[in-house]
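Take a look at the structures below.
Two complexes, one shared chain (subunit A), two partners (subunit B, subunit C).
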Partner chain A sequence: MSDDTLLIALLALPFAGAAGALFFPANARNAEAWLAGAIALAALLVAAQFYPDVARAEVLRSEFRWLPELGLGFTLRMDGFAWLFAVLVTGIGFLVVLYARYYMSPQDPVPRFFSFFLAFMGAMLGVVLAGNLIQLVFFWELTSLFSFLLIGYWHHNAAARDGARMALVVTSAGGLCLFAGALLVGRIAGSYDLDRVLAAGDLIRAHELYLPALVLVLLGALTKSAQFPFHFWLPHAMAAPTPVSAYLHSAAMVKLGVFLMARLWPVLAGTDAWIWIVGVAGLCSFVLGAYAAIFQHDLKGLLAYSTISHLGLITLLLGLNSPLAAVAAIFHTMNHATFKASLFMAAGVIDHETGTRDIRRLSGLARFMPITATLAMVAAAAMAGVPLLNGFLSKEMFFAQALAVEGPSQSMDRALPYLVTVAAAFSVAYSLRFIREVFFGPAPVDLPRAPHEPPRWMRFPIEALVLACVVVGLFPAATVGPLLDLAARAALGPATPEYSLALWHGFNLPLAMSVLALAGGVGVYRLLKTQLARGVERTPFLPPIDARAVFDRVLAAVSRRWPRALEAAVGTNRLQPQLRWLAVLAVVAALGPLYRHGLAFGEGASPDVDPALAIAWVVGAACAIGAAWQAKFHRLVALVLAGGAGLVTCVTFVWFSAPDLALTQLLVEIVTTVLILLGLRWLPQRIPFAWTWAGARAAAPRRLRDLAIAVAAGGGLATLAYAVMTRPLPETVSRYFVTQAYPAGGGTNVVNVILVDFRGFDTLGEITVLGAVGLVVYALLRRFRPARESLDAPPQQRKQSAATAADDVLVPGVIMRLMFPVIGVLALYLLLRGHNLPGGGFVAGLTMAVALILQYMAGGTRWAEARLDIQPVRLIGAGLLIAAATGAGAWVVARPFLAALAVDVELPLVGKLQLPSVFVFDVGVFALVVGATALVLVALAHQSVRSHRAPQQP
Partner chain B sequence: MSATLLAGAIAFAQVLLALAMACAAFRLLRGPRAQDRVLALDTLYVAAMLLMLTFGMREANALYFEAALVIGMLGFVATAALAKFLLRGEVIE
Partner chain C sequence: MSHAAGLPSFVAFVIALLVVLGAVLTLIGALGLLRLRSFYDRVHAPTLGTTLGTGLVLIASLTLFSALQSRPVLHEILIGVFMTITTPVTFMLLVRAALHRDRSAGRDPAAEGASRSQGRPPEPRPE
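After this line comes the complex of A and B, so read on.
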């Protein structure tokens, strides 16, 4: 298989597995574990077989064009560094799957667990293999999302939900910052492609936007790696199932921040800003994390703080601006992944077999689970940096770098060796506490379960990882040497220094620091023993800041208090102020450009005015003003007057040769009138009001202000329209549409050709919106309860008997029913001829809707629905499907979406007929318009039927 | 000769029809009863329809006859809805 295929397979395998895992029954623990294990193992093998390629220092790339115009593509890129991470992610992932098989209880819904787990693994691989920055950020956020789902896996547990939410908020907020940072970096470098960004290091560091870009990228990295001051989410994330912690918080999620910093090390590192931010954050996390870990009574809490501390160590190394330190950072990343994953698993075993993780209750477990105890002790020793284990080697390199640092501040350089020795002593102390208090001492009393060794295969992952710790610790150059070498070369490029991985470097200062740290750790533990035995839940000497309470308060402020305050300050529940603001804003927005560019009129309108049109316009204007004037006093009159204004508009359209517009205008006018009439029924009566001088005077300022706004908005719009219309028509796209309608679109009706062909995609979007609006109106009206005063039957009906009511509509009712087929034929006619003459799907749909309304009006809802089975929602769905399928149909003949096609069909009687695909598209538009209009009107009409059913007094 | 006569007649008819619209608009604005206004709107529709017929004659284009046809066919829907509203208090029962 080619490298391309294999790279895609590596990324796609976990996601495919995640989708597949969902289809298993809830109790299929074994099948799920087999699937997930097989997927992880396969991914590991695929990753491993790239070794010969990356060992030759090759960079494998696999590109897929997506938006080449924007320089965006889907690029998979594998070099030595990415390879190392891919192997870590898949290898430890495989071990964790095996472990999880035994850890998860038969009651847990495992499909969800393994599905999220595999998807998370896929997202991790996506970050690691990303060949461009945008893609990297995408998968980065995906890991935040899946870690949220994994941490909150036991969602019946409040701590899990809170921890998951906190992790999501912190890491995804960091991810957003990273996105902004990646955009900046990409902009400076001129490309988002990783290779080009990596080559543009000097350019980026010298750029004036370097600092903002750096801060944003680091915000992403530090939040993800739980570095000070964003460390607080990690201990809370311990509410996750232990396999999740073992994976996310040792090898995977938290390592992403470190991965990113190392990945962009050649580009962003080397400046004082870098050393200050990264170095100080790392140092704080290293020291404070180690110190806080000593005082944790929860096993996983201890490991969580220790993780913060070790990631701080790695961050500090990366922040030292020395290539050798960066090599040490990569080395420690690998070592930490092995010993921390095994320790988490051991903690899970203890929790699983004893029922508690509280160090205060555990004791003397070595006699019950000797093998697990031995394994955990070796791993903890590696964590403490005991010689002959892998942790010792990287810590030794770290000490050497701390001694050699040349940072911007002399005093910092001198203090650093002391600080790191103290922190290393702390880490010895908590490792010692872990071993001493859990495995030694008297036998435990009162445990929820009788402790015993875990199943054979549950221990296997721990054994494998601990073996790695020992072998790497003993023979570093032979085992891990080549891997580290290729990873460092890939990450650092030409800056890769010479280094030695030997176990013994002679008697030197780093060794003395190691010995000092070990001795100091033992001393610290002895000193604190009595304090710890008291079991107080607090870390001494640290300010008692509850990061979680701060986080909650910030979150409450951002998500509730501030929005509420903002809403109280500028929001309004009343329509009038909203409309007023809207109008004022529109005027101001229009004044802006006018102020800058001035307003110039064209040649002037043609002087000859048709007297008939002038009179019609006077009529229309009078109706419009009358409608506005009556809107407050008499709704029905305002509606009738608006109808008059609409009719004059329609006449105007005809006058200026726009029959399509006129047709649409007329139909919209009719449908709107009926719609508002339907709504008027449910509006409450106007509050009776007596006109007085005092009242008029009080209202005068408000009315004058509103009049001024109205005149400014209306007059301004008229002025602008006049200015536009008196100018010669500029050369716009409309000329193209007019000339190309027939040759390119095959229709003589330009309007329709534009709608269904040239701008077909817009129309598709518009009908989608129309369908959505119809559904929303329907959904809102389903829950509509009329005001109490409009609940009764209208006064007209109360005076009438059923017989007189039937008489009222007898003659018009017959006409309305008779008109149904006639209007239906008209609708069909408008639809069929639309492409060449005025008409089309939209107009035809409205016509059909009018025909339907007439039947409802003539006979009432029950009568109409007993005879006509219209399914508005189905019509909407069918319309959308037809329109979209027509568009997609063009793919069959390898044309772009919505490309117009024509098929010649032979029909009996009719003969040969050219059937363009745009006609089918128009049919979709027709169905959707009928459906949406009918849905809204019928939903309103149904209120009358419902109100009679509803109890009179709620 | 006849063409000039026809053009003049059409222009005259258009002005008269527009004046008819103005008369209807007067009732539309003044009322006094709601029924008067509804009738006025219907009249307005009829006048507009006729205006389109004259326009079709002037332009010698059948499309305008069609527009008039559509007004004639559908214009009564709004009137009927309004009448129903006045008679029964709701349009669809």
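After this line comes the complex of A and C, so read on.
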């Protein structure tokens, strides 16, 4: 297989697995785990086989053009750095799947879990493999979304919901900033393509927009990596199932921020702004995270703060502006992934087998689960930086870099080694506390469950990861050396420095710092032991800021209070001001260009007006004015008059030989009139008022103003129309349509050929909108609360007995029912002939809708629905599917979307028949129009059937 | 109309006569609607247009197209049939509604025509 195919497969596999996982029954724990495991393993193998390519320092690219004019495309790009992350994501993902199989309870709906998990893995791979900044941001937001779903997996638990929401708000807000930053970076570099951006480092750093771009990108990275001051979401995300925590907070989610900073390191790093923002955020997270971790009583809480601290370490390394430090950062990223994933899993095992994660309740577990205890101890030792383990190596490199730093501030440079030694001592202290209090000491009392070793395969992922810690710790150069080398070379480019991966560098200052940190950590722990045993609830010496309360308050202000205040200040619930503003804005918008370019009328005004048409127009205008006049006082009359104006329009279309338009106008007029008639019943009654001179005078300014607006808008539009219509018709595409309708479109009805063939894509969009409108009307009417006075049946209905009501519509009802098949046949006829003669799917659909409306009118809602099974929503869906499938069908014969095709069918009796694909398309339009109209009808009709809840008193 | 040029003049005369007759009948119906006093009187007037008036125009159309295409063109019969079937529905519903209104207002619909013949027809009352 080619590299292209494999790259796509690597990205597509998890998403395909996620879609597949959804279709399993809720209790298929084993099948799900097999599927997810196989997908993760396959993705790992696919990633692994790229090793020879990336080891030659090659950059694999696979491009799909989408909008090349905008620099948008779908580009997959794999170099050594991306490869390393892909392997981490898929490899640890596989181990976590295996672990989750045993962790998840049989009662949990596992399809959802594994589906989200795989989708999250896919999104991670999408970020890692993105060869385009926009694409990277897209997958970045996807990871936010899926991590939200994963953290909130136990959505019956309020903590999980809140934690998930907090993670989503923080990380996706950061993602939006990143989006803005990526746009800026792409604009400076002249391309969103990652290769070109990476090559434009000097240009970007020298640009005046560098600082805003940097801040925006870093906002994205630091929120994702839970760096100070955005760290608060991570401890709350611990409400997630432990496999999720093990994955998200070791190898995946939080590493994305680090990934991004390292990815853009050659472009953005090297300035003082970078060192100040990244370095300080990293240092604060490193020190404060380590300090806060000591005082956590929840095992996962301790690990969460330790994660913040270790990511702070990595961020600090990246922020030191030294290539060697960046290498150390990449190295520590790998090491942290291994030991933190295993520690989370061990914490999950303890939780699973004892029923609690509270360090104060746990004790002496080593005698019940010796193997797990040993594994956890090794991993914790790696976390603390004990020699012979991988954590020691990267921490040693880190200390060396902290000593060598040459930042913009002398005092900072000098203070840094002390600060990091203290923080390292803290991390030794919390690691020690974890080991000492959970596994040693007296046997635990009063645990929810009797502790014992976990199942064999639940332990396996921990064993594998701990083995990696030890092997890397012992033989760094032989095992991880080449991987680190290729990742560092890919990430840093030509700036990659020489470095040595060895266990022993001789007696030097970093070693002394390590020893000091180890000793200091033991000291800190001994000092705090008694205080910790007493169970202090909060971290001493830190201001008691409840990040969650602050977050909630900010969120409430931004999402509720401010918008409401804004709405109260500038919004209105009244229809009249809204419409007034709409009309005024339209007039103003039209006046703008007129003011600049002036208004001139053409010469083509035709002096002779046919008196018949003129009379029709006078009638139409009278109807329109009458409708406006009566709209306030007598709605029914206004509606009838509006219908009259519509009919005159229809006659005008006939007069000017536009039968298609006339037909459509007529049917639209009928359908809308009937639907509005049905809706009239639910409008509130007018408040009765007595006409007085004083009242009229008080209302006069408002009425005059409204009249002025109405005259300006209507007269202005008429003037514009006149100015356009008195000019000769410019040479437009319409001539082409007329001449090509038959030769190219195969139909003699130009209007229909344009609709279904030349402009088929527009029509597809239009029917989509129509379907959406139908659904929206339905949704709005479903929750409709009528005015109090129109709740009861109208007086006419109340006075009328049921018998006379049935009597009244007896003969008309029979005739209406008789008309149903006739109108149906007419609709079919219009549909079939549409391509060559006036008609088509839209008109036919409206005709069919009229037939349906008649049935509702003749027999009432219950009668009609007992006999006619109309499924409007299905009709809408089917219509859209048919139309889209017809368009997609053109792909089969390698033609573009919606290209018109024709198939000759041999039918019995009828003979040879040419069946153009546009006809099928028109059938889709037909179904959708019927569905959308019927949906509105049904929604209105059901108002009178259902019982209404009285509106609440304001 | 260019495509009507080949029409024999006597056929054209017949068609014109039919169309004018139909139009006049419809006009009379419209005038009746305007002039007659009570609702129950007025409801009769437009039927002149919808029955005989339409029928004459349809026969004219039928004649015209049959003559032009030299074959019987019978589409118009369908129009006539449907007009005949559907127009009464409108009238029935309108009259039923009027009856209903008068009865519920306590007026005698039978006396309505006589008593109202002096004044204006009752205003449609808003709900």
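Assume the second predicted complex is superposed on the first by the 574 of 954 C-alpha atoms of A that agree within 3 Å, B and C clash if a C-alpha of one lies under 4 Å from a C-alpha of the other, contacts with A are read in each partner's own complex, and residues count from 1 in each chain.
Here is the rule we use: a contact is a pair of C-beta atoms (placed from the backbone, for glycine too) under 8 Å apart; a residue touches a chain by one contact, two chains touch by 3 or more.
Just so we're clear, the structure is a prediction, and the values are computed from it rather than from any experiment.
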Touching partner for A:Ala779 - first (subunit B), second (subunit C), both, neither: neither
Touching partner for A:Leu599 - first (subunit B), second (subunit C), both, neither: neither
Touched partner set for A:Ala700, first subunit B, second subunit C, both or neither: neither
Touched partner set for A:Gln685, first subunit B, second subunit C, both or neither: second
Partner chain in contact with A:Asp808 - subunit B first, subunit C second, else both or neither: both
Residues of subunit A touched, compared between subunit B and subunit C (which is higher): B
Which of subunit B and subunit C A:Met816 touches, first, second, both or neither: both
Which of subunit B and subunit C A:Phe633 touches, first, second, both or neither: second
Touching partner for A:Ala478 - first (subunit B), second (subunit C), both, neither: neither
Which superposed partner A:Ala662 touches (first subunit B, second subunit C, both, neither): first
Where subunit A meets both subunit C and subunit B, residue numbers: 636-637, 794-796, 800, 808-809, 812, 816, 819, 822
List of subunit C residues in touch with subunit A within their complex: 82, 85-86, 88-89, 92-93, 96, 100, 104, 124, 126-127
Residues of subunit A touching subunit B in the complex: 610-616, 618-619, 622-623, 626, 636-637, 639-641, 643-644, 647-648, 650-651, 654-655, 659, 662-663, 666-667, 669-670, 673-674, 677-678, 680-681, 793-797, 800, 805, 808-809, 812, 816, 819, 822-823, 826, 837-838, 847, 850, 853-854, 856-857, 860-861, 937, 940-941, 944
Subunit C-touching residues of subunit A, taken from the complex the two chains share: 633-634, 636-637, 685-686, 794-796, 799-800, 808-809, 811-812, 815-816, 818-819, 822
Touch list for subunit B against partner subunit A, complex: 11, 14-15, 17-19, 21-22, 24-25, 28-29, 31, 34, 37-38, 40-41, 44-45, 48, 51-52, 55, 63-64, 66-67, 70-71, 73-75, 77-78, 80-93
